[in-house]
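Look for subunit A in each of the two complexes below; its partner is subunit B in the first and subunit C in the second.
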Partner chain A sequence: MRRSLPALLLAPAGAITFVAFLLPMGWLARLSLGRAAGGVLIDEVGLTNYVRFFSDRFYLGVLWRSVWVASSVAALAVLAAYPIALFLFRSRSRWRPLLAVLTIAPLLVSSVVRTFGWMIILGDHGWINGLLQAAGVIAAPVHLMNNVWGVLIGLTEILMPTTTLALLSGFARLDVAQEEAARSLGAPPWRCFLRITLPLTMPGIVVGALVTFVLAISSFVTPSLLGGGRVPLLASTIYEEALETLDWPFAAAVAVVLVMVFGLALVGYERLARRWQ
Partner chain B sequence: MVPVFRLLLAAGLALLPLAARAADPSGEIVVMGYAGAFQDNYMKAVVEPFMAKYPAVKVLYSAGGNSAQMLGQLRAQKASPQVDVSIIDFSISRIGNAEGIYAPLDRAGVPNLADVLDEARMGAAPGGGEWGPAFDFDNLVLIYGDTVQPAPTGIKDLMNPANKGKIVFSAVPNVIGTSVQILTAKYLGMDYKAPIDPVIEALKKIGANVQTWQATPDNYTMIINGAAGIGVGWNARAQYYIDKSAGKLKSVVMQEGGVLDMDTVNLVAGARNATAAKAFIDYALSPEPQVRLAQLMYYGPTNRKAVLPPELLARTSSAPATLAKMIPVDWAYVASVLDQWTARWRREVIPAQ
Partner chain C sequence: MSNGFRALVAVLLLFLLAPLIVVLLTSFSNDAYLAFPPVKWGFGGYRALLANAAFRRGFGVSVTLASLVTAISLGCGTAAAYAIARFTFPGRGALLTVFTAPLLLPGIILGLGLLLVFARLGWLATWTGLTIAHCLVTLPYAIRVVLTALRGIDATLEEAASTLGAPPWRVFRRVTLPLMLPGMIAAAALCFLASFDEVVISLFLVGPRLTTLPIEVFHAIEYQADPQISALSVVLITLTAGLVIVVERSLGLVRAFAR
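Up next is the complex of A and B:
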């Protein structure tokens, strides 16, 4: 009985994972071996879609662009969220709970609504271009949207609250006493940061970067609206193939490729996490 | 046991008259179609009058996304269809017909099929009968804001570098993008079936002028609120928005001509209530609801007996002057090359800056 207890306790979660994740993933993998012509499904078994993906420079470009956009967003979001997370972690202020709520408050607003907000700010006639033009800094609008810049700016801000939470979750080992010890022994603030704070918060940085990367590479609404349809990524390719050309098998194959990217990111995380443990 | 047996017998006897009248439409049907303004107007023009005519039938309108998304839902439900009647663009219903998602119709079950114009027919099914036909006509138009000077007239305005960042429309495989490609070939004096390299070169100039390929919420609204200047869209919606925006939006058939679009009404294969579904399709193809749909949404009727008053006719795609400008398109050919066209657009036209 004692031996079977863990298995029993795991059974509900295991059953849900099997039915809601593994089984559909299996179907997806099976679907990816089929074929479609002119949107009409043809039941076949073969690797046509994978050959098409990996032998076409356009799709390899989509894969590469997705990885670098998601990596850049992860780096930018960690850079921007790190000081906020560190401040929140250390703060003894009575306002701390309020500040924490303010940091994650954007999560209460749908990312679609926040993307629309960015469209108002970044557009050719948006606030930023309006301000710069009024100040005489630029003569013609700078294109901040409908290209990859819009995607980077929008995704970074939209994912920052999540990055902050992930960073905070990994800051448990940061001990103020150790920083104080370093300072009392004469370390200047920058050395104290590089030698004590940064290494101790590294687990948080790794988790924060991983979570942001995974969310960024699977984002669809923000990149397609702020990219103006001009920034083809894995997620937007899946959407187009599934819902515009109706080539479900190819969409499934791209989805499997995306899952493989997740897998590689997880392997990288495992290695880094072990190193900073 | 005996009372139970009696009860079953009584229930069986009570159901007998219903069984005898199985040919009379009754029960519930699910009609899946476009959301938004189309749904509002279709309810008023077709669904509500149908339910008034057949009080025994209850119609549930299920609002889907675009045509491809709706076909996706039907594909996912193929083993156990939850939808009886599907309203969908003709370019996508072709896929549904080929995949056996839709069932053919015959004139015995749908008598109004006899009065449907030939242009609105989707062809004969291999096993007999014909595929769900169109219930409305629409045509491609150039749409623009009332402040755009000079007013655009055709493909050359879409290619004009002066319009950079002002243009919005949907790319191939959407029928709008496909039609723009066909009209660009015409502008270049070419056949759209000829090798497409010169057309793609011209389309790249248009692509560089496009502000966004993801018009949000749609082309018409972006032009009305001044976010974009020129777009390509459909006449019926353009007319609807011209009224709504008090003339801020304008529309014109391009110099090169236009392309007819249609929405079809289809019986889903394995529909749970095929009798009522056929009655609904027959009603949707009859003259009265088509005239009402023209009054509310400016769609051209496909029933030859549907007659529109002249001032309304002039604003639909069925106006003789508009029909004269339409160019014939071999959609079966387009379907056979659409994958190649889509690949060229994604690689060359959409990223053009």
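Up next is the complex of A and C:
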């Protein structure tokens, strides 16, 4: 009894993980080597789907667009989250706990709701266009949505709480005493930042950028709502091939390509992390 | 810290909270569609929401599903976390990695994989399919949060109880369980929230017969933005805030996420 207790305790979680995770992922990898013809699955082992993906300019464009959108979002989110993370790390103010909660709380609000908020702000009849038109700055609405700008703005904001947490997790080496030492020795604030703060927070920046990139390239809800179907990315291609075109083997192959981009990002991170340790 | 830096942080926080503020304000608009500036104010959005049968049905499905998923993942997750924390057996670390691996993969890939397998099993648009799929996402949270709680318990307390003659199950019930209860409450709240808000995986598995609330909202806002959806969003945010307070009280929000 005593010997078999751990196995018994682990069995239910193991069963769920097997049925819902290991089996589907194995099946997905296997099916990506198959082929669909006229809605019928043909069980074969070949690279047909991968050849199609990497030889079609449209799909290569999707891959390239996904990578640069995710990279831009990572850069923007790190830029926007860095001051907040720095403030939360240093501040001794009594408002700090409230600000910490306000920063992280959006993480727990459904991304559909937050994306909807951006649709109200960015739409052709939205708040920004309304304000600009009321102020007489523009005559016709500026298109901020249903294009790549909407995707960039929305994704940056959606991922900012996670970026902030990732930045904070890498701030351990930042020592306020060192900054004060630099200041008291006469370094102007910008030099103190460039020579002390920035290098010491670099591990956080690298982690933050990687986490944000990985989340940005895999997100589906925000890009598809704010892109309005006009910004095809890897995730939306998987969705369309699976549920609209019903070409499951090809959808599976695109999913494998997405996982490969993940792997490459992790390898790049390993290299960077080693440099900054 | 200079005032300029404080102002910058304030502006960035405003950007971060902008969508939530806008949703809150527009939920009190009586206009037919959401434009700026709102013309009429009132509770029309909330009234329309109460009358919307699709949203009411979706809400019922989502609450039932999230409760079911929370109960299952808390049970299975606590058992697994206990085995990992209190027993030594080969492959313990690897097992934990496998259990938490679903959190690392994008929902779009998990959803596609589930679609491929569940189509064969006949589980599409069924309670079985949705429950198992949501457990895939919530189980790693449950295992991790409960494991963190278990590792935080001073082992000497359990040893003292057994030295004094308490049989193992009584040590668990009288010492371990009460001490890990805050972790379990936090885990339950997180699981409920994760299931209730789940969109991407559900998109692959729902059908006209069975649809969750986030999916109804997703399809509604693809075409039209009206105050009703702002009102619904405010209801959802309030629900989230309630659960966040539960987590904060029992564990500390930052701690629950930072690990």
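The rule is short, and it goes like this: the second predicted complex is superposed on the first by the 253 of 277 C-alpha atoms of A that agree within 3 Å, B and C clash if a C-alpha of one lies under 4 Å from a C-alpha of the other, contacts with A are read in each partner's own complex, and residues count from 1 in each chain.
Assume contacts are C-beta pairs under 8 Å (C-beta built on N, C-alpha and C of every residue); 3 or more make two chains touch, one makes a residue touch a chain.
As the structure is a computational prediction, the values presented were derived from the model and not from experiment.
Asks: Have a look at subunit B and subunit C on subunit A after the superposition and call it: clash or fit.
Replies: Aligned on subunit A, subunit C clashes with subunit B.
Asks: Which partner does A:Val40 reach: the first (subunit B), the second (subunit C), both, or neither?
Replies: first
Asks: Report for A:Asn146: first if it touches subunit B alone, second if subunit C alone, otherwise both or neither.
Replies: Touch partner of A:Asn146: subunit B, not subunit C.
Asks: Who does A:Leu243 touch here: subunit B (first), subunit C (second), both, or neither?
Replies: Both partners, subunit B and subunit C.
Asks: Regarding the shared-chain residue A:Phe58, is it in contact with subunit B (first), subunit C (second), both, or neither?
Replies: So A:Phe58 only meets subunit B here.
Asks: May I ask you to decide whether A:Leu225 touches subunit B, subunit C, both, or neither, giving the answer as first, second, both or neither?
Replies: A:Leu225: touches subunit B and subunit C.
Asks: Name the chain, either subunit B or subunit C, that contacts more residues of subunit A.
Replies: C
Asks: Just checking: does A:Ile84 make contact with subunit B only, subunit C only, both, or neither of them? Give me first, second, both or neither.
Replies: A:Ile84: touches subunit C, not subunit B.
Asks: Considering only touches as defined above, state whether A:Gly123 meets subunit B (first), subunit C (second), both or neither.
Replies: Both partners, subunit B and subunit C.
Asks: Counting clashing C-alpha atoms after the superposition, which of 42-50, 168-176 or 204-212 on subunit C is the one that bumps into subunit B?
Replies: 204-212
Asks: Quick check on my understanding: which residues of subunit A belong to both its subunit B contact set and its subunit C contact set?
Replies: Looking at subunit A, the two contact sets intersect at 116, 119, 123, 125, 225, 242-243, 248.
Asks: Touching subunit C in the complex: which residues of subunit A?
Replies: Touching subunit C: residues 5-6, 9-10, 12-14, 16-17, 19-25, 27-28, 31, 80-81, 83-84, 87, 90-91, 99-121, 123, 125-127, 129-131, 134, 157, 160-161, 165, 168-169, 189, 217-221, 225, 235, 238-239, 242-243, 248, 251-252, 255, 258-259, 262 of subunit A.
Asks: Given the complex with subunit A, which residues does subunit C contribute to the contact?
Replies: 1-2, 5-6, 8-9, 12-13, 15-23, 26, 33-37, 72, 75-77, 79-80, 82-84, 87, 89, 95, 98-99, 101-102, 105-110, 112-117, 132-133, 135-136, 139, 143, 193, 197, 199-200, 203-204, 214, 217-218, 221-222, 225, 229-230, 233, 236-237, 240-241, 243-244, 248, 253-254, 257-258
Asks: Applying the document's contact rule, which stretches of subunit B touch subunit A when the two form their complex?
Replies: 65-66, 68-69, 71-72, 75, 92, 95, 98-99, 165, 171, 173-174, 210-214, 216, 227, 335-336, 338-339, 342-343, 346-347, 350-351, 353
Asks: Can you check the complex and tell me which residues of subunit A touch subunit B?
Replies: 37-41, 58, 116, 119, 123-125, 146-147, 224-225, 227-230, 232, 240, 242-248
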